[in-house]
Amino acid sequence: MGVWPMPRDTRPERDPDMIIIMKPGASNEQVEHVVQLVREFGLKENILQGTDRTVIAAIGDKRAVDKGAIETAPGVEKVMAIFSAYKMVSKEVIREKTAIEIGPDKFPIGGRKVGLIAGPCAVESRDQLLRTADAVKSAGAIGLRGGAYKPRTSPYSFQGMREEGLEILAEARDLTGLAVVTEVIGLESLPLVEQYADVLQIGARNMQNYPLLEAVGKSSKPVLLKRGISATLDEWLLAAEYVVNGGNASVILCERGIRTYEQYVRNTLALAVVPELNDRTHLPVVVDPSHGTGHARLVPAMCRAAVAAGADGLLVECHIDPEHAASDGAQTITPAALAEVMQQARRIAEAIGREM
Amino acid sequence: MGVWPMPRDTRPERDPDMIIIMKPGASNEQVEHVVQLVREFGLKENILQGTDRTVIAAIGDKRAVDKGAIETAPGVEKVMAIFSAYKMVSKEVIREKTAIEIGPDKFPIGGRKVGLIAGPCAVESRDQLLRTADAVKSAGAIGLRGGAYKPRTSPYSFQGMREEGLEILAEARDLTGLAVVTEVIGLESLPLVEQYADVLQIGARNMQNYPLLEAVGKSSKPVLLKRGISATLDEWLLAAEYVVNGGNASVILCERGIRTYEQYVRNTLALAVVPELNDRTHLPVVVDPSHGTGHARLVPAMCRAAVAAGADGLLVECHIDPEHAASDGAQTITPAALAEVMQQARRIAEAIGREM
Amino acid sequence: MGVWPMPRDTRPERDPDMIIIMKPGASNEQVEHVVQLVREFGLKENILQGTDRTVIAAIGDKRAVDKGAIETAPGVEKVMAIFSAYKMVSKEVIREKTAIEIGPDKFPIGGRKVGLIAGPCAVESRDQLLRTADAVKSAGAIGLRGGAYKPRTSPYSFQGMREEGLEILAEARDLTGLAVVTEVIGLESLPLVEQYADVLQIGARNMQNYPLLEAVGKSSKPVLLKRGISATLDEWLLAAEYVVNGGNASVILCERGIRTYEQYVRNTLALAVVPELNDRTHLPVVVDPSHGTGHARLVPAMCRAAVAAGADGLLVECHIDPEHAASDGAQTITPAALAEVMQQARRIAEAIGREM
Amino acid sequence: MGVWPMPRDTRPERDPDMIIIMKPGASNEQVEHVVQLVREFGLKENILQGTDRTVIAAIGDKRAVDKGAIETAPGVEKVMAIFSAYKMVSKEVIREKTAIEIGPDKFPIGGRKVGLIAGPCAVESRDQLLRTADAVKSAGAIGLRGGAYKPRTSPYSFQGMREEGLEILAEARDLTGLAVVTEVIGLESLPLVEQYADVLQIGARNMQNYPLLEAVGKSSKPVLLKRGISATLDEWLLAAEYVVNGGNASVILCERGIRTYEQYVRNTLALAVVPELNDRTHLPVVVDPSHGTGHARLVPAMCRAAVAAGADGLLVECHIDPEHAASDGAQTITPAALAEVMQQARRIAEAIGREM
């Protein structure tokens, strides 16, 4: 009946690279049993005899194995994996940073120029959006953000203008030349969003929505993949791997803050992720200081810091009237504040040999 | 033409209940401006004059307002919401605990008896599942867990047996009478899963997949809603509210550990959530000590602790051969270990006036 | 003239046990350079050649080396330590659980009986303390907690009754036979506290106050060492190692909740730590559900869960009039509530083959 | 006997500012009882009647009250404090940023110029320190860091050269003019450290070591107060308040990363704290990207980001030979790397209207 377990030696070829640490006093039989398990995985064991205990290193040639199972074998203290399972998004595969062109003007995110994407949390009305689009264009944006489908924590909150919102976004693009970056929240609405958007945003809550990742992996539109609210780098890069593995190599990573014990911010903006990702992956990295802090008063400093840290772009919530924004008002800045921070950000970009 | 903002006084009727704290030295004009904003929300202000500053309390009769927007008004230091937005899942609405009947034997989760749901992480083969089902039935289980669709962090990991897995689960139910609890990972596969399952499991990664929550809200099958990996209680209860608001009142909450700085466990099992949920909601609460710790050696103690804390059920990963499990092997216990812990758990249930 | 670096081969003898992972494409020279560094540490290298990269395992006989330095060598991707540095507190050294006798009645914490230590956060007055001592004794306590020196977050908060408080505690012991457990906050007050106390409590904020740990390491009184608010298990056990290494083998570990993103509790009580510590160390483990939750309403369920998880004792805040407690009122239960939870806890202890 | 409770109306005068939320259905008697408790605190109640429940605001004139106690009164759902207890470090008291002069050259930390403090984790030898001091001076540093007393997680690790280390630091100051910044780990060694140091560093582990804070509060030397590893802003500012309240107004705050679930870094550097502190306190803020990341490869980008975010200084670990550093080698950069990052940091400082 079952097709699983598939024969262990036909699994995808990657390094599993396990270090198995035996308990002090583990018996020879226990060591031998673990060696058998290692060999079942198609791996070769290296037995290292310490003063206190035995360590078995299995440095092999297949990666997608569930290392954990060996932990339950008698005499095993712990099992450590030493490599991540992502491959196509890794710098080991492509050494140069990938620049991803977005919008009518094909602005290359990941190139020498740092790109600003700005706009309201949600499309609320034609007037609101068009006026905001004009304002962010003037401030120097190359992309327009704005949600037409809103994933809201409460079922009673405003859920977005949906298709009507998409139409307004498209009109704004036609008028301004800005790339439209908007969220897709499910397979049902994907065809419609794909039709209007220049960049498909996957929100933090959907970072591990695998059917959705597989679906945008088949799209021809670039994907902006937000980090999940408490995602590790490996989980995030593996989510990107789903999209790339599905056939869509145009993935932009977006750091938007993580959940920690801190309470004066909505999220903790973990900017060290920028140089770390630049070490690990060829994909471009943008930063969202709006969700990354939750407070308009902190957004300008974090825009500056993100550019200084080496981000390829900024994603900023901006609204012509934040006090009356339908959502995320507290973290939304005005066009005037955006224009001011852009002047500083530009000088910082130049200080590190880039432009904005 | 946007339909938003909808007139503020037609929004759902709940308390918004904001406390707005002005900066020391805020001017009368600034206070007056905030009062205007409060009134725009259809609320009545209460102005409290402290020695250092002014506090404005808006205790009103509408809840689904984005409180944050007021934070950007001049002179405002911070805005505090004082109530959650969930309603139907709250004990304010239904004071008695809801018992939800599952499976062919209509076992009431949330009643006096504590229910054990056990089984492998994934259905791997007919033989593996049927033997495990027999074993967990003997140990005292009333439900059988097992994934046919697996949301996997890596695209290269085993993704589940899908429909074939569902058929095997159904066969196991027919043979044992156990309720089948299995995960649904997307709208596409929901109709099929719904056809075979007794309980639809929403995994931690999908806790805020709102289209999916809305869809299972229209199902006639009970839903087991796992807590998101770093979800707050409010976010979790609002996710449950999505399901109940959609028309399906049969929601079982499942604590499965949260992400913290701790590294010796896969997740930190936050058991105080059990008495807290028993205070806040009428929905039953089960605990998953397998994901909640990540290590088989810790599972028995956490099964005992969960029952002692007042859980209505346990969800435990059990496999006839954990060393060869296709996934989650490290946190999977044997049928023998399960049987042993059940004996202790039963005595603990009796110690607090319940049965198991 | 500096005495450091001490010759590498005279450092304390423990396993350093490093796994050094080279970058893909690291050159032979880079590998050779790392091997040289490993040998400088007095270790022997094991070179494992994978398909993608080289892994160097240094499984040796010296432990207290700063592994990190090798990370900065060219071509190194990362360095993993595989063992902890604690030794004397480890089960590798002493396999049986240590029972530590406390108070006039020499109650053995860590024996078959689970011990209850209860009392107010702070000694506030003679009347308050003596009445509370009577009440907790009646409920079944074997120890009396109560702070005479209070480490307070704010300099403006009540700092404790100091020597007068110690005298009252001693009087309570004389009247009831309860062991006095009280906090020591610095070297200055240690001699005085030592004179009155039966158990020296090291608070969470002082878990890594090394001069204090060294000082109580020279005391003849048992030490109750609380886990730091975000301490890892290794950090906590190494703090215990400081005390034991100083000459005082009587250390009781106390889990009191950790800081996480959760906000409905003051701390997240991480009960899986109980079975984990029982695996790693021979020292007894008690649980403080008062600080571990921060709310009186959650304390009884967490007392039950802690006993079920295998704790050797409970440390509970109890006050004859919680509404008027000088500190920690919100997490303090009444004597009546304590008596009730003890009845349940006793039955749970019996359910797992212990007594209380 | 007891002096506590002190009469409630003689406690320090600050706003307690409690919001007490009653349960839905709380009785009039319960509301009345809470009002009595509020009045006992010397406060005046404001009763706000919502549709579902009663809210009692106590906006008064005394701050140092334990708000929590009221939570245990019957019918109370929760109690919220709305202000912090710090006062002297607050911008409410001093609106202009305080510049604190350090070292022989009286460099003003908190002025227009951003200051670099660099040096090894620990003083290891005279040669190592003097050569490093020269190198960091050349790179543009105005201060020299280096530990003579090392708080080490393991009792078996190198604990510092102690007085000999202090002498070497003083010699380096005499030769270079750099301000000596070195850690004080306890009251015992404070007099000696005070004699040699220009700035007394309080490490993260001692941020809530109140006897030590009180002691440095009596010193004439400036204090560099590191944030505790999981300290909230309120806890950190209250620790600073201890020092200032003790009589020493010269406190420099130092962000050094917080503990989160992230594992690719030693700590998560939470840079939004810089603008937030600039809003709340007049004290200067420096950033330590070495502890803040734990990896030399991430330090340069975080130096740049910290300056861009508005930090008043950087504290960087630098060693002439990181591979052989006695501690913290992995996060230590070379003088060459330091010189390079300083060139960029200088241009970034200029981009935001400062100098470096």
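Chains: A, B, C and D, in written order; residue numbering restarts at 1 for each.
Note that contacts are C-beta pairs under 8 Å (C-beta built on N, C-alpha and C of every residue); 3 or more make two chains touch, one makes a residue touch a chain.
On a predicted model such as this, the values are computed, not experimentally measured, just so you know.
Visitor: Enter the minimum step count from subunit B to subunit D; a value of 1 means the two chains touch.
Guide: Graph distance in the chain contact network comes out at 1.
Visitor: If you tally contacting C-beta pairs, which pair wins, A-D or A-C?
Guide: So, comparing the two chain pairs, more contacts are at A-D.
Visitor: What's the distance between the Cα centroids of subunit A and subunit D, rounded to whole Å?
Guide: So the centroids are 32 Å from each other.
Visitor: Can you compute the centre-to-centre distance for subunit C and subunit D, using the mean CA position of each chain? Integer Å is fine.
Guide: Measuring from centre to centre gives 25 Å for this pair.
Visitor: Can you work out the whole-Å distance between the CA centroids of subunit A and subunit C?
Guide: 38
Visitor: Show the residues in subunit C shared as contacts by 2 or more other chains, in ascending order.
Guide: Within subunit C, residues 230, 259-261, 263 contact more than one other chain.
Visitor: Note which residues of subunit C are touching subunit A in the complex, please.
Guide: These residues of subunit C touch subunit A: 15, 17, 19, 21, 24, 46, 48-52, 55, 57, 59-61, 80, 82-83, 92, 230, 259-261, 263.
Visitor: Taking the touch rule as given, give the residues of subunit D at its contact with subunit C in the complex, in rising order.
Guide: Going by the criterion above, the answer is residues 1-6, 12, 14, 37, 63-64, 66, 68-73, 79, 85-86, 122-128, 151-158, 161, 164-165, 168, 185-188, 205-206, 208-212, 229-230, 234-235, 238, 241-242, 245, 259, 295-296, 322-332.
Visitor: Okay, in this complex, where on subunit D does subunit A touch?
Guide: Counting only subunit D, the residues touching subunit A are 230, 232-233, 258, 260-265, 268-272, 274-276, 279, 292-293, 297-298, 300-302, 304-310, 344, 347-348, 350-352.
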